[in-house]
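Next come two complexes built around chain A: one with chain B, the other with chain C.
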Partner chain A sequence: MSHISFSNIAITAMVTTVGDQIIALEDEKERFGLDDETVARLQKTIGLKTRYIAQDDVCTSDLCVQSAKNIFEHTAINKEEIEALIFVTQSADYKAPSTAIIMQDRLGLPKSCAAFDINLGCSGFIYGLFTAFSYVNSGMKKVLLCVGDVNRHFAGEKDKILTPLMGDAGSAIIIEQTPSAQSFFALYSDGSGYQHLIIPKGGLREPSSEQSRIPTLRDDGSIRSDEDLFMDGKEVFNFAIKTVPPLIKELLEYAGYENDAIDYFVLHQANPYILKTIASRLKVSPEKVPLETGQIYGNQNSASIPGTINGFLSEPFQTSDLTIAIAGFGIGLSWGGAVLHTHAIYAPKTLRYTKDER
Partner chain B sequence: MTQDDFLVLLQKEIQRENALHVNDLLEDIPEWDSMAMLVALNVFDEIGVEVDIDDLEKCKSIKDILQKAGFDA
Partner chain C sequence: MNLRNVILDALKTVNEDLQCEALEHISEQTPLFEVLDSLGTLDLILELESSLRNELGRYIAVANEQSMNRKETPFKTIVTLEAYLAERIEHESH
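Let's turn to the complex of A and B:
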C-alpha cells in the first residue's frame, strides 16, 4: 500500500491488562520437558524470566473489558461518544458472532457504536490503529480499539518451542480527534509465507478431526497437534530482520524525520534478539528500543506494543509529548508500522486481571 | 575488531567455555544451535556485517563464519 498520513488524530488513552498468573520458566520445565541446562541457557541467552497467563476460564475479551473499564473510570472520556469498537484478536469468545459486538454490550457502549473483530496476530495493533485512525478521519468522534490474545486458545500445552514465550494480555486504546502533528502509516502483507506461522487444521480448508487434535512429537522437538500454532522460528526471524528495518526507515523518510527525532521505537516484542538485531540495523541507541516485555510478561501478540508502553514506558507517556515509531510483524505474514505523536496520554502501569471485572 | 576479538566475543555470546579456533567444525561445537545463530547475528551486527540465518546455516566451520564476517581466515 502507499503510505497514509493523518492530521489531528491521536491516541489519548491506553491501558493493558495481563493474566493474573505469573509463571517462572523453571516452574514449567517439567511440563515442557526442558532440562536444567536448557532452562539456564534460555534464561541467560534470551532472558526469559516469567510470563503472565490467564486462568482457564478467562478470555481475551475479559482482559480487554477490564482495560476499557479502567479508561472510563479514570478519564473524562464519555462512553456515549464511542462510535466504533474494533477488537483485534485470534482468540475470540466464540467462532461467531464477532466478540466486539458482545463487548459493546458489556461495556455499556451505545447501540449506535459499530463493532467488529479483526483476525490478526502480531501486526494487529498497527492494523487496528490504522483502521481506528481512518474511522476518526472519516468523522467519528472516538474509537475504542481493543487488542490481545489468550494463548491457550492456540499454543500447544506442551510445545516447548513456542509456549514458554507466550503471555496473555488485552489492551484498550482510545483514538480521537485532538490537535496533533501528522501521523504516518504503512501496512504490508505477504501471503506466500502463510505456512511459517499457522494453525494448520481445524478450519474449513483442513477440518478438525480426531487425529488433528492429538498432540504428537514433531521433528523440531515440540509436542503439538495440528490444531495448535506452528512457528518456523528461522523463517519468522529472517522475515522480521529483513522487513522491519526497511519499514521503519521508509516511514521515517516519509515523515521527514531522522532517528534522533524519535523518542521511542516500540516494536512488537517477539524476542529480544530480534529487537536487538533490528535496533542495530536501524542504528538507534538501545535505550530507545525497549525489549523487556517478552522476558517479563511473555509475547503478547497484538497487545505487545501497548503492553510495552504500559509495562515499561508509563511515566514518559503520561507526562510528556512524544514522537514514537511503532512496528508489528508476524503471522500472515503481515507487517506494518507508524510514526505517531502522543501528548501526555492516560497510560497507567500494566494491570493484572481481577475476576470481579467480568 | 580483530579476528581474535571476534572469536572471543562469539565464544562468550554463545556461552561456550572453550576457545573457538579457525579450524573448528561447527558440528563439533555443541553450543552451535539455532539459539546460537540468533546470538551470532548480533555479533555480526556489532562489526557492521548484516547476515541472516540462512547465511549462517550454510557455514560448516569457524573458518566459514570468519569469512562471512569479512576476515581473511
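Let's turn to the complex of A and C:
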C-alpha cells in the first residue's frame, strides 16, 4: 500500500479495560510446570512480572463494552453520532455473527451504525485505526474502534512458552472529525510468513479433529494442541527487528518529521528487548519508547498500543497536544504504523474489569 | 579484550539457568543456534551486550535482522559469533 494521509481527523477518547485477575509469574510455576531456572530466565530476558487476565466467563467484547461505556459516561460524545463500530479481535464471542453487531445493541448505538469485525492480532490497532480514519474521511461523524483479545481463546492452557506472556485487554477509541494536522499511515502484509504465528488446525484448511484438540509435549518444551496458538519466537524476533525500524523511518520521512518532533513512539509491546533494539536502531531516546506494558499487564495483542497509552501515558495524553508515532506488528505476518496528533484527549488510567458492566 | 572469552563467559552464564548439556563442553563445532531456544538466544544477546559495555564502556547492539534466522544467523557457532562481534565493534567504532 502506498502511504496515506488524512487531515482534520483525530482520536478524541481512548479507554482500556484489562482482566480483573492479577497473576504473578511466580504464582504460575505449578500451572506451567516451570522450574526456578525457567522463571529466572523469563524474568531476566523478558522482564515478566505480572499479567492481568479475565475470568473464564468474560469475553473480549465485555472488556471493550466497559471501555466504551466509560467514554460515553465521562465525555460529551453523543452515542447517536457513532456511525460505525469496528471490532478488531481474534477472540470473537461467536464464530458468527460478527461480535461488533452484538456490541452495537449492548452499547445502545443507533441502528444506523455500521458494525463489523476485523480478524487481526498485534497489528490490528493500526489497521482498525486506518479503517476508522478512512470512514470519517469519507463523511462519517464519529467511529468507535474496539480492539483487544482474551487470550484463553487461543493460548494453550499448559503452554509454558507463550501463555505466561499473554494478558487480556479491550480498548475503545473514538475517532472523529476535529481540527488537527495531517496524520500519516502505512500498512503491510507478508503472508509467506503465516506459519510463524498460527493456530494450525480447527479452520477449514485443517479441520478440527479429536487428535488436533489433544495437547501434547512439543520440541520446544511446551504442551499445546494443534488448535492452540504456535509462535516461532526466533522468526518473529527477526521479523520485528527487520520491519519496524524501516517502517518508522519511512513514515517520518513521508510526514516530513525528524525524530525530535515525535513526543512518543508507542509500539506494540512484544518484549522489552525488541523495543529497546528498535529504539536503538532508530536512535531514539529510550524515555520516548515505553516498554513496560508486557511486563505488568502481559501481551495485549491489538490492545497493546492503547493499553500502553492508558497504562503509562495517561497524564501527558490527557493534558497535552502530542505528536506520536505508533507501530503494530505480528500475526499474518502483518505490520503497520502511523504518525498522529492528539489534543488533550480523554485517556484515563487503565481500568480493571468489573462484572457489573456486563 | 579477548572476544572468545567474552562469548564463553556469556554462554556459561546463560547455561546457569538453561542447564543444557551441550553447552557444558563447548567446541568450535557446537551448533549454538540449534542448542539455544529463542529465550536462550535472547539471553545470550543480553549477556554479550552487558559484557561488551563493561569492556568497551559503550553500548554495542548485538542483535540484527539475521540474529535468529536459521540460515544466516551469526550465532551458528562460537567461531561465526566471534567474527560477527568483531565486525559489530568495528562498525560501531566509525
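One rule holds in what follows: the second predicted complex is superposed on the first by the 358 of 358 C-alpha atoms of A that agree within 3 Å, B and C clash if a C-alpha of one lies under 4 Å from a C-alpha of the other, contacts with A are read in each partner's own complex, and residues count from 1 in each chain.
Note that a residue touches a chain if its C-beta (ideal position, glycine included) is under 8 Å from a C-beta of that chain, and two chains touch if they have at least 3 such contacts.
Because the structure is predicted, anything quoted here is derived from the model rather than measured.
Enquirer: After the overlay on chain A, what do you see for chain B versus chain C, clash or fit?
Expert: In the arrangement built by aligning on chain A, the partners chain C and chain B clash.
Enquirer: Which of the two partners, first being chain B and second being chain C, lies in contact with A:242: first, second, both, or neither?
Expert: both
Enquirer: Check whether A:233 is in contact with chain B, with chain C, with both or with neither, and answer first, second, both or neither.
Expert: Touch status of A:233: both partners.
Enquirer: Contacts for A:349 in the overlay, against chain B (first) and chain C (second): which applies, first, second, both or neither?
Expert: The answer is neither, since A:349 touches no partner chain.
Enquirer: Would you mind checking which one, chain B or chain C, touches more residues on chain A?
Expert: Counting residues of chain A touched by each partner, the higher count goes to C.
Enquirer: I'd like to know which partner A:273 touches here: chain B for first, chain C for second, both or neither.
Expert: both
Enquirer: Looking at A:37, would you say it contacts chain B, chain C, both, or neither? Reply first, second, both or neither.
Expert: The answer is second: A:37 touches chain C but not chain B.
Enquirer: Both chain B and chain C touch chain A; at which residues?
Expert: Common to the two interfaces on chain A: residues 41-42, 44-46, 233-234, 237-238, 241-242, 271, 273, 277, 280-281.
Enquirer: Taking the complex as given, what residues does chain B use to touch chain A?
Expert: 15, 34-35, 38-39, 41-42, 45-46, 50, 52-54, 57
Enquirer: Can you check the complex and tell me which residues of chain A touch chain C?
Expert: 37-38, 40-42, 44-46, 220-221, 232-235, 237-238, 241-242, 271, 273, 277, 280-281
Enquirer: Can you list the chain A residues touching chain B in their complex?
Expert: So the residues of chain A in touch with chain B come to 41-42, 44-46, 233-234, 237-238, 241-242, 271, 273-274, 276-277, 280-281.
Enquirer: Show me the residue ranges of chain C that touch chain A in the complex, using the header's touch definition.
Expert: 16-19, 37-43, 45-46, 59, 61, 63-70
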